[in-house]
């Protein structure tokens, strides 16, 4: 567990609640962007591009849904 | 359960009926847009863009389907 | 069951046959478009756009496949 | 079984072999296009568009993969 | 097994290793392109288009991932 | 196991932790690009294209999510 995580915060997919699971999905999605474009300045410049573009906002939503599907199953849907 | 939810209304994926599950899928999809673009005014400006564009309407539909797949499985398909 | 459904016809994912399940997938996909763009006139105007555009026809097909995946699993693949 | 099928040939997802399952996936994908654009003449005109466009060929491939995922699971992967 | 396969090499999703499973996913993805555009000359002309376009390379990657998801599950993940 | 792997590093989907599983997903996604465009020089030229384009960064994220879904399931979500 001393492994330094860059991609999965806490090195676990298990969360206590759906809300925390969704927040984890958002973070994991952002960390993938971060390792693909490690330059923080470039990422900052790109942020308004997707936050102000309807098609990209939808695509961000699809990515978060894909990450959340994995986390929800890992947590047995918090049933 | 006192956790303030921003991403999953009611902090649960469980609903009584498929209709309520689908409505939850729509809400969760919208909440992802909301945290990606927190400015309500900008979101209002973008709304006509995707509501009047055939390709974006289809993409919204794909996002809702992805969210609903998770919720339907969480509810064991309301069998 | 007196709940008025807007999103899931019959408020159920269960169908008797694969054909009916596929038809339900098509209807659910259309109902998502309908709540995103509630103006019937606008939807009518957009219809020829996607029915005459190869890329959009493919995207419609992907959406229906995603909805059908959920319904098929709900029905245990009508095995 | 006297139901006239438009969407699922044979009104069944069960096939004897993976090859037949894949062929069924291709047919189901095409039938979705057909009900979205029922005019055969228009479909004929669109065919060269996607058969000669690399991005669309890839998108067709993604659609067939999505349909095949459902059929493969229905057939327990022909194990 | 005397069936001539065009879509699924070997008419089976079962492979000995993950590497072979991934190679099968790539082949199946290519065979879908082949039946959609049967003209080898046209396919040869399109190849540089997607091999030199970042967006298309990513889309090819998504297609292979979708095919591999099916094959990996068929093989119980080679656990 | 002496098989030379080009597509799946280590010829296995099993990892010890979610972090390692995610790193494997990233590597597998890159190896698919590599066999589709084997020329390292061309790949190097394309890298800035997708690392500086918001839409492509999102698409890369979707690809990694798709690969990770397979790996996470293979590892029973490291529960």
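Side notes on the structure shown:
As written, the chains take the letters A, B, C, D, E and F, and residue 1 is the first residue of each chain.
Note that in this section contacts are C-beta pairs under 8 Å (C-beta built on N, C-alpha and C of every residue); 3 or more make two chains touch, one makes a residue touch a chain.
None of the values given here were measured: they were computed from a predicted structure.
Traced through touching neighbours, the fewest hops from chain A to chain D number 3. Between the contact lists of chain D and chain F, the overlap consists of E.
The angle needed to superpose chain C on chain D by their Cα atoms is 60 degrees, rounded to the nearest 5. In summary, the pair chain A and chain F forms a contact in which the copies contribute largely different residue numbers, shared numbers making up under half of all those used. Chain C and chain E have Cα centroids lying 28 Å from one another.
The geometric centre of chain C is 32 Å away from that of chain F, both derived from CA atoms. Separating the centre of chain E from that of chain F, both taken as means of CA atoms, is a distance of 16 Å. Residues of chain B in contact with at least two other chains: 50, 53, 55, 59-60, 62, 66, 69, 73. Contacts between chains close into a ring here, every chain touching precisely two others. Starting at chain A and stepping first to chain F, the chains sit round the ring in this order: A, F, E, D, C, B.
Residues 3, 5-8, 11-14, 28-29, 32-33, 35-37, 42, 46, 49-50, 53, 55-56, 59-60, 62-63, 66-67, 69-70, 73-74 of chain D touch chain C in their complex.
Residues of chain B that touch chain C in their complex: 17-23, 26, 50-55, 57-62, 64-66, 68-69, 72-73, 77-79.
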